[in-house]
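Below are two complexes that have chain A in common, paired first with chain B and then with chain C.
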Partner chain A sequence: MIVSQPRRLGGWWGAPALFLAPALVLFAVLFAFPAAGSLYVSMCRWTGFTPHMEFVGLHSFARLLADMKFWNALRNNFWIMGAGGVVFFAFALVFAAALNDRRLRGRKFFQTLIFFPSFISAVGAATFWKLLYDSKSGLLNLSLEGLGASPVQWLSSDNAIDAAIVMLVWAEVGGAMILLLAGMRRIPKDYYEAAEIDGASGSQQFFHVTVPMMREVVLIALSLWMIGSMKVFGFIQALLAPDINDRCQVISTLQYDYAFNNRRCIFLMGEATAMAVVQVAIVLVLVGIVRLLREKKSIEY
Partner chain B sequence: MPAEVQASAARIMQIVTIGLVAYCLVSVGILWAYARTRLYPLYLLKIAWVGLTIVGFLWIISMSLADPGPQHGGAASEFMKNPAGPFAVVGDYPRWAERFYAARPWWMFMLAGLLLLWRGLSGHGLADRDSPRRRTFRRGFLALTAVGMGALLLVIDHGGEPPHLSYTGAAYFAALCVLWAVLPLAWRRRLITPAMAVLAVLLAAPLAAALAHFDWRCYTYAASNYAYAWTTARMGHYALNSLLVSVLTVAVTSVLASMAAYALTRLEFVGRGAVLFLFIGAMVIPAELYIVPLFLMVQNWHVSAGGVGFNFMDSRLGLGLIYAAGGLPFAVFLLTGFYRTLPGTLREAAAIDGCGEWRMFTDVFFPLAVPGLATAAIFQFLAVWNEYQFALVFLTNDKLKTLPVGLYNLSVSQQYAANWSALFAGVTILCVPTFLIFVLLQERIVAGLTVGGVKE
Partner chain C sequence: MPLFYRLLMAMLISAGLVLTYDLFQAQIEEERDQPRLVFDARAGRLTLEKPAERIRIIYASMFGPGEPVMRVRDKWISRFEEEYAARLAADPSYAVPPAERPRFVADVLHQARQALPEFRQRLAALDAAGAGQKGLLAQELAAWLEDRRIAVSDMDGDAPPLERARTLHALLTRLETLAESHAPADEVAVVPRVKVTVERRWQGRWVLSANRPRFLTGREVPDIIEGGKTELRALVQDDYAVPLDVPPAGETLSPLDGPDTWGRPERPWRAAFIPSMLADGKYPIDDPVRRQRIYFAPLTCYTYCIFYNEVLFKRAGIDRRPRTWPEFIAVCEKLKAAGINPLTADMEAYGEVWMMWLIYRAVGPQAWERTITGVPSGRPGRPPISDPPWTDPRYRGVFAQVRLLRDCGYFDKAFAGSAWPAAQRAFASGSAAMMINGSWLVQELGGYEEAASARTFKLNCFSFPQWPGGRPQDQTAAFAGTCGVMVCRQGKATRHAIELVKYLSARDHPDLVHENAQISCMKDADFPPALAGVADDFLSAPLVYSGDPRDYAPRFAAAVLLPTYVEFFLAESASVGKFLAGLEERSTAYLDNGGERGYE
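For the complex of A and B:
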């Protein structure tokens, strides 16, 4: 049928160009071009004061390798990803399981209140926790005081990253919970009935039917968590700023510090961008690994 | 009393305290074990989690009503010696209540403990259809609780003098233990009434006394706190800026992404796959990667058209365009998915009616794609409303800043100015409207998240 062929207005490329041009122009100028340019900037030395950048090749990367602050920040990111990830998935899985159980009442209420924090801005959540963590008049230390215990410096340089992990889990667990819940609801009921007939208990059903069947969704949530924990910025910045201890920096806050912090005498645009390139490379590798896992073995429904 | 005796008493009390903590942990463990298959711990965990959120927000809202202190127009502020208000005052109740409480807990704890011991040992009140193993668990748990309460009595008998646990702390700790013991039974709704009655007296008497003696006048400063946050700290300005930038971004992204998605799904042209790949692939690029080059690129841009000029840096329009460019990949991804679900026969029918490509888009496909567009728009709006990093870098003029940056400024500056109440008000201003909108849109957000994530 002729009409089923796409109509081409104004020549071969006319209509598509008309529809695509505005989006492509905006995307190219304010996204794709600077993103590609980051590779170039990362190979330059530029302090923000001279009119021209100086091309220095991989110099910035070499300086990063020798920069203890960078390694420390990277370690913090990986600690958040690893230790935080364990807590994060434990809670996400438990909450999703609890919300999926029809015997429990008030599921809507719990879903709303667990999911809500991921809806507030990072700064709002961080300020909320900053007030809770405050060493003198924060809610946590007041409660400890009420119980007669001595107050804890939650945001000291020793504890700050762990405190941030608690905040991140609180703020982000809702999204993963929703994903896992959606995954659970897609598991056919027959599987559970079969398991029931075989005499599997509730927890056995959970670990032998629910978990394997949710592999796909778990891996998606896992890659989202990995991306999120590698690029976490607002939470850390708003929780610990204005003076973030060097031991508590993460990559993004260190990058902001190098590139834009007015307190510095010299801006390190090259190093900052090189850091971002390394960060993206790590994220891509990790997400790639997860993708391979997904493709290797996925269970047929 | 000789000093050595006092010291050894202190030592004993310390050991008892540690023992009590250990007891609490053990009882939690047992509770977990015996109820493992009932999802009961999950329920408790959820309650604790949600409880933290609720108590935290209630605390923040209550503090936003509180006296900001004399240097910010508050009272001479005798109320504010302890800024926690009732939360601290609970541990600080008046003398007569303390005496009352000091005299009674013996009997209350004895009563509750005996009740639990009896229930535990007799197995009375436990569901008959429970398996023997589970019944054993429950009995053990209840008996252990009773023993633990006996240990608690020791602490309370000493009035909490030498050890770390304060008198009030011990009392509430005991009440918590009772709660642990009682809640699983609440599940069965057998023992709940008498136990709850005991608990209510334990908890409510000092609480009521404390609240009766609490000076509520320190919570009458809402107007001045919110006025400070809204006007002096410019949260009103910032909210308006956020709204402007968000609406601009959503409008630009929606229109451009709809057109692009239409072309990418309904038109055929060379390189369609490449363009689609470009957009989808861009979703993995984080803001950090291009923020520095983008900053270097636009920092000296001065755009002028038709006599009206503006600097790209430090303008809401510029920031909105940056957001729109950043939001395009996800919007295109979501909308191409949605356009693909629309029936292809629509196109044929419209073509027969002599519809041009542009009208096909505006009159046929665009209206049909509105539900998908709404999801994309909500996500975009949220992302921009909450965005922090770009706003921090690209807006330096204080009048133009957005809400997250404004709240960040308020939180940093209050460390020097120490107007805590205004900061609490600022957090409330940010969070409460968000909560209301969230409750309204939750279904759609959940659906959008599920579509975006699961059907990737």
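For the complex of A and C:
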């Protein structure tokens, strides 16, 4: 029997192109075009008030390289990502492991309790922490004084970023915990049973079964944390605004300061956009590294 | 039904309700725009109101929703809407041309004729009704007439039911006469109806940034932007503002030279302002023509002064306010000795005011400007130089005093880690005796003062102390930063917007002064009683200084001066010499690179 081949629409690429077209058009209109526009703005001198943009090439990028505020903000972002990340994952793993233990009573309650800060808006959470941290009448310092210890300037330029990390971990750890918990629950019980028969202790099971089997989930959570910590804005702005010390800026708040701050009386859209371009490039590199790690060795079960 | 579909249905119903509401609103607005007959029961006069002429003014403000100044402005803007509409309706240019009258009258009269038979029936039913029902039926009949574009005045008031019935009979008679008239257009006066709407956008301090896309696209651009004078600089720089001292196209008088319409019309509007405040409406920008123009109409101003808690002063045995800097330091010492924190502050907020005031008193604002922007070096091809340089002994003296406040422990210990507005709370709760702030603090602490007993907190203020050895004119000068409005060139109702500014300048200052403790820029205004502590010095000051380096060197101020100063001010320990040498080095580099242009 001879079966006729179905006719292809417009040659070999016609049908796929037709089906992909709506998505490509949306991608072009909503992402590619604005991204190219941003790249162009980063090469211009522009206040954002007039259509007139003066093309200055890489001038804004050169200015950023010489701008200590930018390097300081970048350092703060990496500090949040690195130091904050260690604390963040440590808490997320411990919480997830504890909640994965069926012997624990009230797991739902604790899960909700830990996840609860994720429901609160960044402004609400930061306002709450601002009141806690306040050096004159904050609860933390009042408690320290009650204990006879000397008060700490939590929001001074030396401590503000560390204080912000504590707040960020508090606010975000619930989401990572849920992700890790879901990963843990996906691990087949057979592995634990086999490990138990082989005489592995609880901690050995955790480090030699749970952690390696969760590699994929951990890398996803890691990617999300890295992207989030490079883009963090709302929490820092709400905690430290209206007058953020230059030493406490992160890239996003500095961008906002350069592009929109009325009180500076100058609007540097070129430099702010150049900063955004650098920020995206850094995020892409970081996510690329994580992808490489994921592809290197994947575990199937 | 599964939960998903129920939720979907709930969302669709919500969206449908919102759309229906919008449609009804649009229809109601459209109905209001129709011509209508208005019966003035007292005068027995029937007039025809022409469809509404709509004027929309967009007013974008630096004040946010709920702020005390916003409430005052909002009240007066509402009054303006009514008064200005009435004024325009009486303006001959809005009158209905005689040729158009018959068209309007014929249209409305046709409707009235159609309604007459039913009107008679309803009125007969009203007459036959019992006394208890008469009032309600009369109101229903008025609403029925309203639907047919016949409005009756005084029907919602407290008039007794019989009076209302009489009014409706009078209207019926008048309509019947009109229906039989051969020339009804001559018997009915046709008047224009003008609807003035001021669209308020209470956008807060970032008002300029919030409207930037509108300036860029030219759509929905505010006719008026309200903000601090310095902060609106970008609009003048980019030529978006209307000069107030230049006659608009086709007119002979500039807005400032035109009459003070809503205040004292016999004088020009310019005469309504305190001259030094109005002169502050110029901007030191590059354009040689524009820098001569007045773009900013100042409505209120603020000054920086030292606020103190009278209760703590009394407790420390201080019975008079310090007039000079040594006296001020002695007061700090006395308070400290009494176990009271002399000063409080938040780490970032207002720390630079100490620098600004001390420099004004010790060096003078003009010299400060010369230090930053430089003077010609006198050598061909060489960039300008700072004169006096940052290393001048006077600056050394100023910054040594700034450090003294810190090093002698006059500030409360927690200030370097305190975030605004914690210091204000601390001050109001009696944990420190003084704080430097803008005159708006009175308004911000109003609630505290009311709540606190007079035994713990009583607010007062004094002018910044004089600096022995400084120039005499700098010791008696006052500082005033202005807040006001700019009219935008791209706005669609520029002429009406200027009227609104004139109205506000004439009307709202009594409320602002007495309710909000704002200092008015208008000549006729009182000085706020809540700032009595600085009233004499402020009102008798022969010179009023305004602005700061952000006016003439915004990039230098933002990139060098303020961040460097904040570091110096907040540091546990710092060397004045090192700080000034660093400032001198960066200042020289700034001038060598072409000043502000070098930063572009």
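One rule holds for everything that comes next: the second predicted complex is superposed on the first by the 264 of 301 C-alpha atoms of A that agree within 3 Å, B and C clash if a C-alpha of one lies under 4 Å from a C-alpha of the other, contacts with A are read in each partner's own complex, and residues count from 1 in each chain.
Following the convention adopted for this analysis, a residue touches a chain if its C-beta (ideal position, glycine included) is under 8 Å from a C-beta of that chain, and two chains touch if they have at least 3 such contacts.
Values in this document were obtained by computation on a predicted structure and should not be read as measured data.
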| item | value |
| --- | --- |
| Touched partner set for A:137, first chain B, second chain C, both or neither | both |
| Which of chain B and chain C A:113 touches, first, second, both or neither | first |
| Touched partner set for A:197, first chain B, second chain C, both or neither | neither |
| Partner chain(s) touched by A:242 [first = chain B, second = chain C, both, neither] | both |
| Of chain B and chain C, the chain that contacts the larger number of chain A residues | B |
| Touched partner set for A:260, first chain B, second chain C, both or neither | both |
| Partner chain(s) touched by A:26 [first = chain B, second = chain C, both, neither] | first |
| First (chain B), second (chain C), both or neither touched by A:66 | neither |
| Chain B versus chain C as contact partner of A:153, first or second or both or neither | second |
| Doubly contacted residues of chain A, that is, touched by chain B and again by chain C | 130, 137, 242, 259-260 |
| Chain B to chain A touching residues, read off their complex | 36-39, 42-43, 45-46, 49-50, 52-57, 59-60, 63, 82-84, 87-88, 90-91, 160, 164-166, 168-170, 172-173, 252, 255-257, 259-260, 262-264, 266-270, 272, 275, 278-279, 282, 284-297, 321-322, 324-326, 328-329, 332, 344, 347-348, 351-352, 356-358, 361, 382, 385-389, 392-393, 403-405, 407-408, 411-412, 415, 420, 423-424, 426-427, 430-431, 434-435, 438-439, 442, 445-446, 449-450, 453-454, 456 |
| In the complex, chain A residues that touch chain B | 1, 3-4, 6-9, 12-13, 15-16, 18-20, 22-24, 26-27, 29-35, 37-38, 40-41, 46, 91, 94-95, 97-98, 101, 103-104, 109-117, 119-124, 127-128, 130-132, 137, 139, 142-143, 145-150, 170, 175, 178-179, 182-183, 186, 201-203, 216-217, 220-221, 224, 227, 231, 233-234, 237-238, 241-242, 251-252, 255-256, 259-260, 269, 272-273, 275-277, 279-280, 283-284, 287 |
| Residues on chain A engaged by chain C in the complex (per definition of touch) | 45, 47-51, 69, 130, 133-137, 141, 151-157, 159, 239-240, 242-246, 259-267 |
| Touch list for chain C against partner chain A, complex | 205-209, 212, 215-216, 227, 230-231, 233-235, 237-238, 240, 344, 347-349, 412-420, 422-423, 425-426, 429, 431, 550-551, 554-555, 557-558, 563, 566, 570, 600 |
